[in-house]
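Before we start, here is the structure in question, set down as structure tokens.
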């Protein structure tokens, strides 16, 4: 009704300008892989990529495609499939600026964004090289303590876009996120949330008692598009498992820049993706 | 009297699960981390041994998930003082129990880049029993000094710190850590291994008591529980691990 | 299995010592009224009562019974039934110490407790008499701003007990809270949560996909007891409406100390309660 | 051409709903507060007039609830800059738009104690269009100076403030507020009321333009929407209010 439902994932990707600050969740939350491929197809550049709190294939592909200028994350890993090859290469040649963090620090920065406060204090980190390399973080005395009590202050993270994949959305733009509560923080902190879903459904998810509690209200959502198997080749909730053969072949291909380019040609800009996902 | 199996009847993974469960005794809430089948198994065994009194969260599990408030809840437990034990590994661990999960060489352009620090730079400060666990015991891992401190083993007295290293478990030995002396000490050596082997494969100086006991094996009843029950619970999250370590149980199930 | 399920609400009330700091939610969350009456029966004294973020009949009865030394709240009101008579009387005669707050400040204090951080910054409040009368709150410069930018710092609230009424719990102590997400913050901030429920059920709420997302895990829970119509005479979720006749008679009775005592004799220490709730 | 009903065909509540809806024009997200049937009705009418583009949260409603993250979410919206409009009342409101929800007399032992400040000491700072709404327009409410500032109408320039008083609506008039001059001005007087009546019943000085227009009534189509549709939506949360103000619609339903 308000143009919130897009006809294609590429149309959703077109909303993201070069230089945007985006935030993506960890794999268990639901990764918008088809949207990621659409972003590579459109050639997005200079992204500031925040990971809540880590990333995997999604970050590796964006980095390999040259879309990312800066990454803020607690880890980049393909999990049981090993290290993230394009990430490692980009770190090695200095082409990627990294802001190493620790998981709860990114959560706290995002929660500060969600609460509209300029920063949040957090325990830990003092004496680590993680803190030593973050000139955007501060250490200050806890004003409620009479004794010496330094604590880290983390500035709010307020991305332009949060990108997620979810199970379903209605035509109003309400999105079913189920138990993945971290999406509320992501969406609250971000100017708008772009969502791909397995299915667009009739009705209103907020008015159904069974779905309301697990629904991200449309007021946070900048656009939705249907993308069946939109998290492929990653696992998505209990809906489908990771495509292990594809992941293994990705890791092999992405070991070299050329292999990675072939991968993009085949599965991102080419038309093998749809067939492979079936 | 307990009945003990012979050392060669026990797989290393089973021994490590039993050691970890022992280290968790008396905890109220424990959690394993990502990609951690052995710590997860240790938690599940410890819960069994507690008669169900222990709350166990296995990250990535559906059946043993206690988090209903999103990915941040584990960290909130730690700061609330509710999380009694957690596990950390590391590409490098040094003699002061500093942990490096970031890489080798100069930061940020590491020669070898690992995934990153995950939650270590926080949980290590706030969880009373952090169990350091590595399946590789070599001088490559256990170094004199880490190249990057993802999280320090000890802190100055003004730093708020209720947690830290409680034990180190590897396939050849178990160590303890003295936070005042900032130094590891050998607690026991697993059957089939020697103090000399430990020292040869550890790149930092450790305290070795005059008499180093052999690690106590799980008794047969415990081993049966691990093989017949814990194995199946582990398999929910870690089917490949379970198939490798517990082929009999997996075939029977 | 761990003795978490109590046989009676009075046994649950016995866990709360004099002088405890307790937190209670707003009426829409689910109020443990029968537990409140049990606390009055046991004669609890000197409570520090935190309301997230407001209270009504529950607070008024505790105050009238002399159980509360200090209240920290954003409002005390019986809603459509009018002002809270014992609260107003206790303010008037100075027998109750009040820490007036504003709703999001109590939420922020509780969230700071939940996050285990010593304080949380929050916008607003500067120039209000709410702030002027809170010597436990501070105002400090935002360390991330180059310009003058004062912001309020709210100390974490860490109650001994959170008290709630919910729909059901299992015998492990897991509690179904449905869409009432503020319970997670209450429970996280508090040392333990005491819960009355309409029904103790078989099984494990955390293992059932339909209930898991809306479940407070037992690890937060210090005790559970069944109390059918346990929120009476207040409304409880969509389960039952407020007992309007009873509320009206309460307001009339509680206008005087004597009338309030008669009310207690009849409905709290006496045995008319069970009959009235039917 | 719109068809307008005669003033005596319109109930005051209907007029107030229409005025409020007009003040919400162009908003993306608005919410009414607790015990607020008229502001709630105004929000629902505004949504209708927006063709559904406006997101409306009616506090206490099941059908028009947009909060799925607990009671704190409304406040988080405000600080995120997402909440465009909200409503505040007050036991006392003064000429500088300060609001008192706490009581009369010395604090804390007030002579008359009201419930408390609720979210006012926060939302007033962060919501761009705060609509002050009272159904009682008397010198008891509209005082020279409030006894307790639950939340101030204006702030010094160094105070972070993206919100504040946007309009004041009562049963007899509509006012605006100039935050630089820290003063209300009369915008319009409702049919059947006079400037003199406003001045007689307002305890503070206000700016009165030479010509004060009469408040524009809702046209007949709008009135029909209020009576036939908004009435039913209000009734979900406020059945007593709906039965009193819209007896025809309630009887028909």
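First chain written, first letter: the chains are A, B, C and D, and each begins at residue 1.
Everything below uses one rule, namely that a residue touches a chain if its C-beta (ideal position, glycine included) is under 8 Å from a C-beta of that chain, and two chains touch if they have at least 3 such contacts.
Just so it is clear, the model here is predicted, and its values are computed rather than measured.
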Fill in the blank from the handout: Two candidates, C-D and B-C; the one with more touching C-beta pairs is C-D
Handout entry: Between chain C and chain A, distance of the C-alpha-averaged centres to the nearest whole Å
Key = 37
Completion exercise
Chain centres from averaged Cα atoms put chain C and chain D apart, in whole Å, by 30
Practice task
Could you tell me the distance, in whole angstrom, between the mean C-alpha positions of chain B and chain D?
Solution key: 59
Problem - Whole-Å gap separating chain B and chain C, where each centre is the average of the chain's CA atoms - result: 40
Fill in the blank from the handout: Among all residues of chain B, those touching at least two other chains are 68-69, 79, 126
Handout entry: Residues of chain C touching at least two other chains
Key = 111, 115-117, 122-123, 149, 151, 179, 181, 184, 212-214
Exercise for the section: Could you tell me which shape the graph of touching chains takes: line, ring, star, complete or other? Expected result: other
Problem - Chain-chain contacts as defined at top - result: A-B, A-C, A-D, B-C, C-D
Fill in the blank from the handout: chain B partner, complex, touching residues on chain A are 25-26, 28-29, 52-54, 73-77, 79-80, 83-84, 87-88, 91-94, 98, 100-105, 107, 111, 122-131, 133, 147-151, 179-185, 238
Practice task
Could you please specify the touching residues of chain A with respect to chain D in the complex?
Solution key: 1-2, 113-117, 184, 188-189, 206-207, 212-220
Completion exercise
Within their complex, chain A touches chain C through residues 108, 111, 115-123, 138, 140, 142-145, 149, 151, 153, 155, 178-179, 181, 210, 212-214
Fill in the blank from the handout: So, in the complex, the side of chain B touching chain A is made of residues 34-35, 60, 62, 68-72, 75, 79, 101-103, 107-111, 113-126, 148-152, 155-156, 158-160, 240
Handout entry: chain C contact footprint on chain B (complex, rising order)
Key = 28-29, 51-53, 55, 63, 65-69, 73, 76-82, 126
